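Before we start, here is the structure in question, set down as structure tokens.
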Amino acid sequence: MTNALTIIILAPLAGSVLLALVGRRLGERAIGLVASAAILVSASASFYVFFQQLLPLREDNRVIHEYLFTWIKVGAFRSDAALLLDPLSGVYILFITFVGFLIHVFATGYMRGEKGYWRFFTYLNLFMFMMLLLVLADNFLLMFVGWEGVGLCSYLLIGFYYEKTFAGDAAKKAFIVNRIGDFGFALGLMLLFWKAGTIFYFTDPVRGIQGAFNWAMTQPAESLALSAVFAGGMTTVAALLFVGAIGKSAQIPLFVWLPDAMAGPTPVSALIHAATMVTAGVYMVSRASSIFIHAPAAMLIIAVVGAATALFAATIGLAQWDIKKVLAYSTISQLGYMFLACGVGAFTAGIFHVFTHAFFKALLFLGSGSVIIALHHEQDMRRMGGLKKYLPITFWTMVCGWLAISGLPLLSGFFSKDEILFSAYASTQFGETTARVLWAAGAITAFLTAVYMTRMMTLTFFGDRRAGGSSHGHAAEAHAVPHESPWSMTAPLVILAIGAVVVGYFGVPEGLSGGKIPNYFEHLLRPSIASEAHTSAKAGDEAAVSHSLEWILTLISSAIAIIGILTGLRWFKRKPLWEPPKLLEEKYRVDEAYDATVVRPIKALSTGLLWKLVDVRVIDGAVNGVAKLAEAAGAALRHLQGGLARAYVAMVVLGALLIIGYFVTK
Amino acid sequence: MERVLFIIFAAAAVGSALNLIAQRNPMYSALSLIGTLASLSALYVTLHAQFVAAMQIIVYAGAIMVLFVFVIMLLNLQEDQPRIEKQQWLRYLAVPFAAALMAEALYVFRNVKDIRLPAGSDSDRAVGATWSIGTSLFTDYLLPFEVTSVLILMAIVGAIVLARREDG
Amino acid sequence: MVPLSWYLALSAALFTIGAVGVIVKRNAIAIFLCIELMLNGANLALVALSGFFGDVGGQLFVFIVMTVAAAEAAVGLAIIISIFRTRESLNVDDADTMKL
Amino acid sequence: MTSLLLEWLVKIAVVFAVLITSVAYLSYMERRVAGWIQIRVGPNRVGPFGLLQPLADGLKFIFKEDIIPIKANKLLYLAAPAAAIVPALMTFIVIPYGSEIVLFGKQIALHVTRINVGLLYLLGLASLSVYGIVLAGWSSNNKYSLMGGLRASAQMISYELSLGMAIIGVLVLSGSLDLVNIAQSQSGYWFGFLPRWNIFLQPVGFIIFYIAALAETNRVPFDLPEAEAELVAGYFTEYSSMKFAMFFMSEYLNLITSCSLAVTLYFGGWNGPGVNSHPWLSLVYFLVKVFLLIFLFMWIRFTLPRFRYDQLMWLGWKFLLPLAIVNVVVTSTVLLLAS
């Protein structure tokens, strides 16, 4: 298995191509089998290559290269189709393929009977290919291919129900908003190439390539001043790259596409908009950590944006009635958390949260999907309630996810969130006040998270059923009693639930054991992440202080989580249909604001100036004018063509005379 | 001696050429052209280009012109009847054109240095003998040669397609 | 000795006569013959230069010209025959369908 | 210079006289052979064995009325016989009819002249000989004549290709276009007894050459241009008197030239035993060989029926020409491998 990485990537592609070619003629079972098998192959290869090939390597050299071919070579510019596996991408491919596989299995049940079954799995497999390509690429340009590819697949999958207007609109919105971010990313790449002269990550003497990160590590750190962002140096590169991450990971101000993306089928939401694609931004920032740690101003921006997004989205999540919308805003909020971690330099903590989040958010989404299917595509929580006894497996697995995301002690979300909060609190590079503010934002978010997740659970599973007045009356009567989903849906739920409970133990913060047990996860990732030692709070001499501080912070966050859950339970048990503030329910009117400030002016400019003036008058005018000119010239010149061959000959002779004459007299 | 020969054959060539355009009957025109071709062939011999001279007779006079004569006979045209002249003006245009063309050509040639013609050789390998032509044709000029063969092939196919009767 | 310029002048004369013929003649076959005459005028210049400079290249070009003439005669005469079939005339001025 | 010119003039005069006489007596010979083959008598009244018959025929031709059809194109009608006979007479000058002899104390080569592209000269004149027939057919303004002329031109163009292709085999072997060189290259013996004649190396080439030569000279079975059963007399239907005689002569001249060429190319030319010590023998050998080939021509004429026109074209284009090309390829390949 010397080319295991290639297999990881190509298996989903092969599945996708196969389904695209013959999927139309296959039955649903065969389609599901092909799609899931492709991912299973990919997942097996991932586990094999990670545990059998990557881990046995020496710690300071845990990198596997797989060179396929030289893709582009123009002058100094070079980009290879080559794959790279190190602990960072290793962690990513593990949870992508594992969670991806479970979601595929879930989707075979969820999508049963849908029109375009084969199309769905073609897209899903293609998405897996693109995501793995993004993660395994060994240079920025190849990563950009995957980056754009997941955007494309996201577009296709959100618009899966393309016959519905809102699905098409949501797909377009996602694509366009992503394009804004991608634009920044592309600019960042160009600037990086200009500065570093290479777009490869690491130096590889075998192929004779220089690495951008190796270059970055030789540069001095730039200043924290905001002006550094516009100086065209490393900070500018970092900021532009982060613009890409903002788009892909739905941060302020480009988060608006993610809630709308819930128009796609629920497995899509689980896979793309919770577990994998949206975390690409975090991956990219962590991957480029060598660049970011030299750009403190950009780091500050990341931290602030992350914290703001986390808090902002959490408040909106508090007031949504659509079960998937709640989860969508929760995702945005959690992504904000991850960026907060990255911003304060705790990249490993961010990645760890990505890792745990992949499990419990996928679980929650799939659980909500199970609920939605049981209620025949009912997504409004006001018409749910009391489903505990009808959907026992779904309920109990979702309880695991709920408690994990809320940060209940000893569950996975607790460890990762705790580490982020601690890192924020202990960060020193932006000054103490900033650190406290960031921490406070995180803590409040944690509280709100516990509250709105509890609200969602309460509205859905506890209390009495409120399904009577369903809008689709005929369906409600025919299926008055919701029933549990088939095993293909519940089995992934159970596995994910187990994961949501236990995966946190991979990264128990060092401080909790008093420094005796090292943080395994952090230890694993350390070679991939640019030395966070000198920026992170965990510098050696402060270790003892940190440990006690960490204990205190841990206790505080545990308390926050428990209080949040209890508050939620008490409040929403009594008043399940409590009307939240209008502003929150309307999501701070961000969409409307964008519409007024960006969309409409552009529309007006486009129709008024570009279309009616530039296009119609100038461009069409020029085109028509050229045509008219040609027509007029033709009308004039056609008299030369009398159809009489001898006249042509005379003209030819005249031309020859003139040409010879020219050379004679010259 | 050579000058006498040249003047004889040049006069024959020009005379035949003038006769070509003076005659109304295409058969006379064709025969006049054969006269020009034969005169040129003789001139080629004076230039030590025996092989080309022979080819001039075999290919031009013996094949191409026979084809012309054949077609003239096949169509069995009588005198080129005077018809309504459609482009009378061309006749008056042709004379100044010819004068200009000739003048330009002579103007170009006025600078030609009168170098001596190298003495002819009886050797089989002299320039213009068969050996030199064949050697050059199949080494330095192989590509033009092959391209020409393709051209001939296209001409054969084209001629067959064009001349075939629709019902045949 | 015959100077080179004599040959070239003769070549120019033949070419000019051919060109005049192409403009003046109306019979398609006669026009073809005039074109052959022009080709021969050029051939003479090629052979003369080839002979005077002792380079065989000019003569090889004459071969190629002959080949072209043969191909042209084959295709051209085929066209003439098919024109004659449809129009019962060899006058090129009658073949003017493409005019305005 | 002067003596060379004199030598030329003498040679030309002698060859011309011999050729004209031969033509006259070939007609006599043809009639005798025909009689012999068809078991009848043939001319035997004029002179002993009818030997003076050609003389009588010639006088008759001269005194016959010379008719020019009123609708004929007079100039070309008159030019056509000349155009037929002139190339026929011109061809013979390059054919070597013997080795060198000493006469009046002077080395004299038994050929009129020697050109290093002699064979091409021959082919060129042969290709011009078609004009006499074509012009005769066209200028007579007679349908039979025109048909004959058309047939003749098509037939001669077609078979000229096979003829030229067949000769290439010999050219490749001898490496020269000079007929004297070709004849000389065939002197000597293989294995001490077999003459080094090209016929043994190029049997296929010779057969193609011989058939094509039959067609080129418009002789039976290729005499369609003058097929009397269909076209009266083909292109010379309207001709009479001495102009008819000129076509007649040119046909026999072409016959002699073709056979002489065949001898030179394939049968060792003048070569034979004892030529080196007695150069006069070379002339004898040459004449005997030519005579035998001419006899073969006549034999064929009175043995085979005439072809149909489509058969003739089929034979020329689809059989002889491909065969000749294969012959060239095989010969060249073998030669390349052998060298």
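As written, the chains take the letters A, B, C and D, and residue 1 is the first residue of each chain.
Simple rule for what comes next: contacts are C-beta pairs under 8 Å (C-beta built on N, C-alpha and C of every residue); 3 or more make two chains touch, one makes a residue touch a chain.
For clarity, every value in this text was computed on a predicted model and none was experimentally measured.
J.: What chain lies closest to the overall centre, CA atoms only?
T.: Answer by centroid distance: C.
J.: In terms of C-beta pairs in contact, which of A-C and B-C ranks higher?
T.: The greater number of contacts lies at B-C.
J.: Quick one: report the Å distance separating chain C from chain D, using the average Cα coordinate of each chain.
T.: 34
J.: Find the geometric centre of each of chain A and chain C from their Cα atoms only, then give the gap between the two centres in Å, rounded to an integer.
T.: Comparing mean C-alpha positions, chain C is 75 Å from chain A.
J.: Just give me the whole-number Å value for how far the CA centre of chain B lies from that of chain C.
T.: Distance between chain centres, rounded to whole Å: 6 Å.
J.: Measure off the straight-line distance from the CA centroid of chain B to the CA centroid of chain D, and report it in whole Å.
T.: Computed value for the inter-centroid distance: 29 Å.
J.: Quick check: what residues of chain A touch more than one other chain, meaning two or more?
T.: 644, 646, 650, 653 - these are the residues of chain A that touch more than one other chain.
J.: Specify, in ascending order, the residues of chain B that touch 2 or more different other chains.
T.: Chain B, residues with two or more chain partners: 51, 55, 63, 67, 72, 74, 86-87, 90, 93-94, 97, 101, 105.
J.: Where in chain D do residues touch two or more of the other chains?
T.: Residues of chain D touching two or more partner chains: there are none.
J.: Based on which chains touch which, is the overall arrangement a line, ring, star, complete graph, or other?
T.: Graph shape here is other: it fits none of the named patterns.
J.: Which chain A residues qualify as touching chain C in the complex?
T.: 638-639, 641-646, 649-650, 653
J.: For the complex, which residues does chain B have touching chain D?
T.: Contacts found on chain B: 27, 31, 34, 50-51, 54-55, 57-58, 61-63, 66-67, 69-70, 72-74, 76, 122, 124, 129-130.
J.: List the residues on chain B that touch chain A in their complex, please.
T.: Listed in rising order, the residues of chain B that touch chain A are 86-87, 90, 93-94, 97, 100-101, 104-105, 107-108.
J.: Under the stated contact criterion, what part of chain C meets chain A in this complex?
T.: 19, 22-23, 26, 31, 92-93, 95-100
J.: Note which residues of chain C are touching chain B in the complex, please.
T.: Touch list, chain C to chain B: 1-10, 12-21, 23-27, 29-30, 32-34, 36-37, 40, 43-44, 47-48, 50-52, 54-57, 59-60, 62-64, 66-75, 77-82, 84-85, 90-91, 93.
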